[in-house]
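Multiple structures follow.
In the two complexes below, subunit A is the common chain; its partner is subunit B in one and subunit C in the other.
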Partner chain A sequence: MSLLHWAVLSPFLLALIVPILYKLFRQIHTGWFVLILPILLFTYFSRFISLTKQGDIVMESATWIPSLGIDVDFYVDGLGLLFALLITGIGSLVVLYSIFYLSKEKEKLNQFYVFLLLFMGAMLGVVLSDNLIVLYSFWEFTSLSSFLLIGYWNERERSRYGAQKSLLITVLGGLSMLGGIILLSIMGNTFSIRELIAKSGELMDHSLFVPALLLVLLGAFTKSAQFPFHIWLPDAMEAPTPVSAYLHSATMVKAGIYLVARLSPVFAESGLWFWLVSIAGLITLFWGSFFAIKQTDLKGILAFSTISQLGLIMSLLGLGAAALHYETLGENIYLAATVAAVFHLINHATFKGSLFMVAGIIDHETGTRDIRKLGGLMQLMPITFTVAVIGAFSMAGLPPFNGFLSKEMFLASMVNVLQLNIFNMETWGVLFPVVAWVASVFTFIYSMIVVLKPFTGKLQLQLLERKPHEAPVGMLISPIILASLVIIFGIFPNLLSSSIIKPAVAGIQPSLAGPDFQVHIAFWHGFEPEVWMTIGIIAFGILLYKTLPKWQKVTQWIPERISLNALYDNVVRGLERSASFVMKVLMTGSIRTYLLSIFLFFIFSLGFTLYWKDAFKLDAGNFAPIGIYELVLAGIIVIGSVAILFARSRLTSIIILGAVGYTISLFFVLLRAPDLALTQLVIETISVALFLLCFFHLPLMASRKEERMTFKLNNAMISIGVGVIVTLIALSAHSNKLFDSISSYYLENAYKEAGGKNVVNVILVDFRGLDTMFEITVLSIAALGIFAMIKLRLTGGKDKS
Partner chain B sequence: MKQNDLILQTVTKVAAFVILLFAVAIFLGGHYSPGGGFVGGLMTSAAIVLLLLAFDIKTVTGILPIDYKLMIGSGLFISSLTVAGGLFFGVPLMTHVYQYVDLPLLGHISLHTAVLFDLGVYLVVVGVTMTIIQTIGESE
Partner chain C sequence: MELLMAIVIGILFMCATYLMLSKSILRIIIGTGLLSHGAHLLILTMGGLKGGSVPLLSDEAATYVDPLPQALILTAIVISFGVTSFLLVLAYRTYQELGTDDMEEMRGTETNE
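This part shows the complex of A and B:
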């Protein structure tokens, strides 16, 4: 356990004490306590910048499950550090913002900050783990905490719906990713990412390579809301706005991008990877930007815009894979795509974070986020307006903001695709810049909608819930910091280029980004195609924005009922219906039916196996001699069992059954097993008593009187069948000695190893003590279950109070 | 017909104690002779069940005001603590230790962490049986 381990664990530890702090200091907003941690962590991680800048990697190991090759190895390289800084940096700002956003009187702050801290720790774990299984565990933890945060206002139906949707889709992807991880570990014989990267050459030709690639990508695409899995993100906007800014725009949705970037060295040589990642990215880019225009909810627009921007980064990562097919660095224009991806990732976190916070402020101050009701807030909220302008213009790709720079780099990369002559790009490659350009026009339009609709136009006070005014200072600090970063990164992009971007690119493409590789970001490269494209975007964008009302209907050409959302709803509804159908068929509520099906299954499965494997064997030589005592006891058991069938009342049956049980315990005495005999005797006593108690609860039999059940051939056959099968198996088991009995080991070692002379008891408490532990756990669950069921039935399902 | 269970009640008053003592004896002796937490627990429950049969639930809860659900929890807690205990000393889960000591009156006996584990089992078994019986019995 190193300091790095404690850094990743610290959010979890703090999450443990947050509820206590909340209870103790009700007067102080819990957020203030929480705020300290991300700031500390941010400072801690920024110390690594000087190391990763020189290409160094910090690696700390701790063993967890060495026998399975699963160790908690954290390592900080450029890529991991970039994400760690985003998580802690944006995390600090979001926590600060949430202090003013969530009221300490009305909200369940203890829950909120516990969930948020769980997420922060899990996300740090994802980006710093070297072991894929550890990464996967943290990955699912982020899905879980996202679920809890989306459903934070769980009294709202939409929140619950959104939470469930995000969980179903991201966990589906997570499980498929687990499959991919397992395939990778089969191929490379390791769970470590670094070792897999070292072996990437030999993995390519493995027959499992393509399935592993597809499964891992499914995980990444669902998490990063790539088409067609993007549908969960708009519904996730039901979460409180600080959460949307943090999880659903800056960090969690970028986990998929992180995974693609991290595993690029393993997969990127393959043409399939190049095509899938870049095409999925491009479709998502277009789809998200196009549908953003249709939205009327401010956060809805931002959600679709996030989808679109995630697609943009994803497509750049896909294109960057092409760089691996060119040996020299000098002419390697495709590496620039990866640089653009990393740069845009940072920029997106800054401008989208600030925009989300602006949306939160508007919601907080006016009570609505509907752009049809909002308007003319510019005079009332000048500071918020300024922040919104900076964020939105950066998103639209206008100078001098950072979005302009990365957008130019993006367009340049897309144009460069035209020169690519691998993977059949000569034919379809032309689509790349075209789609990118069209999507950018839409991006420009929705960016204008975000800033112009709420802030300009006519103020309609009668539509707003409360009279708007400028937000409190505390709420403005975080968006102002982010907006200043937008400008700083825009004017001095090279602050980042060698300290952050270059090491991160080196993490994505270690084979290319060697010491000779330099990142330099410039405003002006001369009249290259991307400049003309930007000018075209602005011109067309303004034109289309002005004529928006005339063509906005186009965005509604897909009717609701054939949309992806409807598909999702139908699948979920279908699952629920079939589940309840199966439930109704199987769970009739009659214990007789249950027993019938259990016994039938027992007979057929065991009987069939016995027949199919030809396992029946009778070896009489091994049998113990049968004496007079055994015959007498067996006779008593047979008589008792038959007598149960003919007993007049249930009471008699129960007592005879007890007699049979006592006789069996006498068998144990005969066979010199005092422990078993003792246990059987006591159990028999107690179960008879229990039976007598339950007796009152049994429903009356069919005839309303307590009469013997009529003879049923089916039941007779089933009961005889069970008896026969058990006997056959017992005889075969006794006759087939496949290996030596373990009993001699126990006899030898019980006293030597465990210091006990009663072997049965030593086995129970020592040799197989874990079994006993779980057995008593199961017993406890059963007892509490019975308690709960009976008490609930007594109160008719209602609380006693 | 008025029930007359005088004989049962009188015998129970004596027998229940005998059974209880016997239960404790076989619980403690489990490591060397037949017995152990499971049987001991069952036998203790049997003694309580006998009390329940001879008297009624109200009387018995008056005699033994125990929340058996709490007993389950404490039993599980003790057992899992013994299981996990090894971890604090850098040895695998479920590692037991024992020591032979000479005590006044009791003589040469062994002190064994397995007894702690078995104590958990004992409590859980008593708790579970009595919770079930009491719950079902009360609901009549």
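This part shows the complex of A and C:
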């Protein structure tokens, strides 16, 4: 356990203490205690920048399950560090923001911060683990905490729906990712990402390579809300806004991107990877930006915009994979795509985080997020407006904000696709820049909607729940910090380039981004195609925004009925229905039905196995001789048990059962088992006494008319079936001796090891002493149950007995 | 001998099954009692019968019967006693509370309520 381990574990530890702090200090907002941790962690992780800058990697190991090759190995490289800084940095701002967003009087703050801390720790675990199984465990933990946070206001139906949806979709992806991880470990014989990367060459030709790739991508796509799995993200907006800003925009949804980036060195050589990642990314980019325009909820727009931006980053990572097919660095323009992906990842976290916080402020101050009701807030909330302008313009890709730079790099990468001459790109490549450009126009439009609809136009006070005014200072700090970062990164992008971006790119493409690889981001590099594209985007964007009411109906062309959401709803409903149908068929409440299915299964499975394996064998060679005495006893048992079937009164059947039991103890005597005989005698006596006690002395029962069992053919057939099968098994078990008995060990060692001559007793109390102890435990549980049933009555505490 | 035992076991299981499929709770309990008798004999038969003398170590005996099935059965007898007595008391109390010993009348599914 190193300091790094403690750093990852610290949110979990704090989560344990938070409920206590909440109870002890009700006057202080719990968020203040929580805030300390992400700030500490952020400073802790920023120390690593100087290390990763030089290409160093910090690795700390701790053993967990060494026999399975699962160790908690954390390592910090450029990529992991970038994410760790995002998680802790945005985490600090979000916690600070939440202190003012969530009222300490009304909200269950203890739960909120516990869930948030769980998420923070899990997310750090995801991005810092080297072992894929550990990564997977943390991965599912993020899904779980996301579920809890979306359902935070669990009295709302929409919250529960959104929480369930996100859980079902992301866990589906998580499980398939686990499958992919297992396939990877079969191929590479290790769970370690580093070792897998080292072996990537030989993995390519393995027959499991493609299934592993598909399964891992499914996990990444569901988590990062890629089309067609994006449908959970808009519903996740039911979460409190700090959560949306943190999980569903800046960090958790980027876990899928992290996974794609992290495993790029393993998979990216393959053409399938290139196609899947870039195409899924592009479709998502377009889909998200197009449907964002349709939304009327401010957070809904931001949700679709997040989907679209995630698609953008994903497609860049896909394109970056093309770089692996070009040897020299000088002409390798595709590596620039990866640089753009990393840069945009950072930028997206800053501008989208600030926009979410703005949406939260508007919601908080006006009581609604519906853009049809909002308008004219500019005068009332000037600071919020400024932040919104910065965030939205950056999102739209306007200078001088950071979004402009990464958007230009994105467009440049898409244009460069035209020069690609692998994977049949000559024919289809032209679609890439076209889709990118169209999606960017829509991005421009929804960015304008986000900032212009609520803040300009007519103020309709009568539609708002309360009279809006500027948000409290504390609530503004975080968005202002993020907005200033938007400007700082926009004007001085090279602050990041060698310290953060270059090490991160080196983590994604270690074979290419060597020591002489440099990242330089420039504002102006001549009249390249991307500049014209940006100008076109702005021109068309303004035009379309002005004419928005005329064509907005186009976005409604897919009826709700056949949408992906409807598909999801139908699948879930169908599952629920079929589950309750199966439940109704199987769980009838009739013990007879249960026993019937058990017996039928018994007959058919065992009978079939006997037949199929040809297991029945009758070996009369070592049969023991039959004595007359045994014949008599066997006769008594047979007659007795059959007689029970025909017995009229309960008393008779109980007595016959006793008789059968005593006969069996006599059998034990003959079969050289004195201990069994004694035990059986004692037990049988007690049993009969108990039977009589219960059923003979129950007056009502005795007076009730007793009748013989009516004959039922079905039951008889099944009974005969069971009897025959058991007979066959008894004979086969005796005749098939597949291996030597282990009994000789006990016979030899009973005296030597345990000093007892009665071997049966020695086995029970010495060799298998623990078994006997548990046997006693079972008896005690039965005794306690009996005692409870007799002594306790369900009469509200009154003791009738 | 083994053949005879196998048939006896089969008959015990058959009667036990038939009883357990009936409606009366008492018969079901008697059925489980018979079933455990059958199971005990089954374990004993599987190990082979009369293959030697009683498993009490002494100088006279050359071979012993298998002690392991006996140890298993000893445990099983005690456990089945525990289960039977629990079931009995359960049936007794059920009868006191519900006034019936018919399993079909005791069906408590959500749909019936």
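Basically, the second predicted complex is superposed on the first by the 630 of 801 C-alpha atoms of A that agree within 3 Å, B and C clash if a C-alpha of one lies under 4 Å from a C-alpha of the other, contacts with A are read in each partner's own complex, and residues count from 1 in each chain.
Keep this in mind: a residue touches a chain if its C-beta (ideal position, glycine included) is under 8 Å from a C-beta of that chain, and two chains touch if they have at least 3 such contacts.
As the structure is a prediction and not an experimental result, all values here were calculated from the model.
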Touched partner set for A:Val759, first subunit B, second subunit C, both or neither: second
Subunit B versus subunit C as contact partner of A:Ala634, first or second or both or neither: second
Which superposed partner A:Gln419 touches (first subunit B, second subunit C, both, neither): neither
Contacts of A:Ser498 with subunit B and subunit C, given as first, second, both or neither: neither
Touching partner for A:Pro674 - first (subunit B), second (subunit C), both, neither: both
Touched partner set for A:Ala689, first subunit B, second subunit C, both or neither: first
Contacts of A:Leu747 with subunit B and subunit C, given as first, second, both or neither: second
Subunit B versus subunit C as contact partner of A:Leu770, first or second or both or neither: first
Greater subunit A contact set [subunit C / subunit B]: C
First, second, both or neither for A:Asn622, with subunit B first and subunit C second: second
Contact residues of subunit A, present in both the subunit B and the subunit C interface: 674-675, 679, 683, 686, 690, 694, 757-758, 760, 764, 772, 779, 782-783, 786, 790
Touching residues (chain side subunit C, partner subunit A) in the complex: 1-23, 26-30, 33-34, 37-38, 40-42, 44-58, 64-68, 70-71, 73-75, 77-79, 81-86, 88-93, 95-96, 99, 101, 103-104, 107-109, 111-112
Interfacial residue positions of subunit B with respect to subunit A in the complex: 26, 30-39, 42-43, 45-46, 49, 52-53, 69, 72-73, 75-76, 79-80, 83, 93-94, 96, 98, 110, 112, 114, 117-118, 120-121, 124-125, 127-129, 131-133, 135-137, 139-140
Complex contact set, residues of subunit A against subunit C: 584, 587-592, 595-596, 599, 620, 622-626, 630-631, 634, 637-638, 641-642, 644-645, 650, 653-654, 657, 660-661, 664, 667-668, 671-676, 679-680, 683, 686-687, 690-691, 694-695, 698, 700-701, 709, 712, 715-716, 718-720, 722-724, 726-727, 729-731, 733-734, 741-743, 746-747, 750-751, 757-760, 763-764, 768, 771-772, 775, 778-779, 782-783, 785-786, 789-790
Subunit B partner contacts - residues on subunit A that touch it in the complex: 674-675, 678-679, 682-683, 685-686, 689-690, 693-694, 696-697, 754-758, 760-762, 764-766, 769-770, 772-773, 776-777, 779-780, 782-784, 786-787, 790-791, 793-794
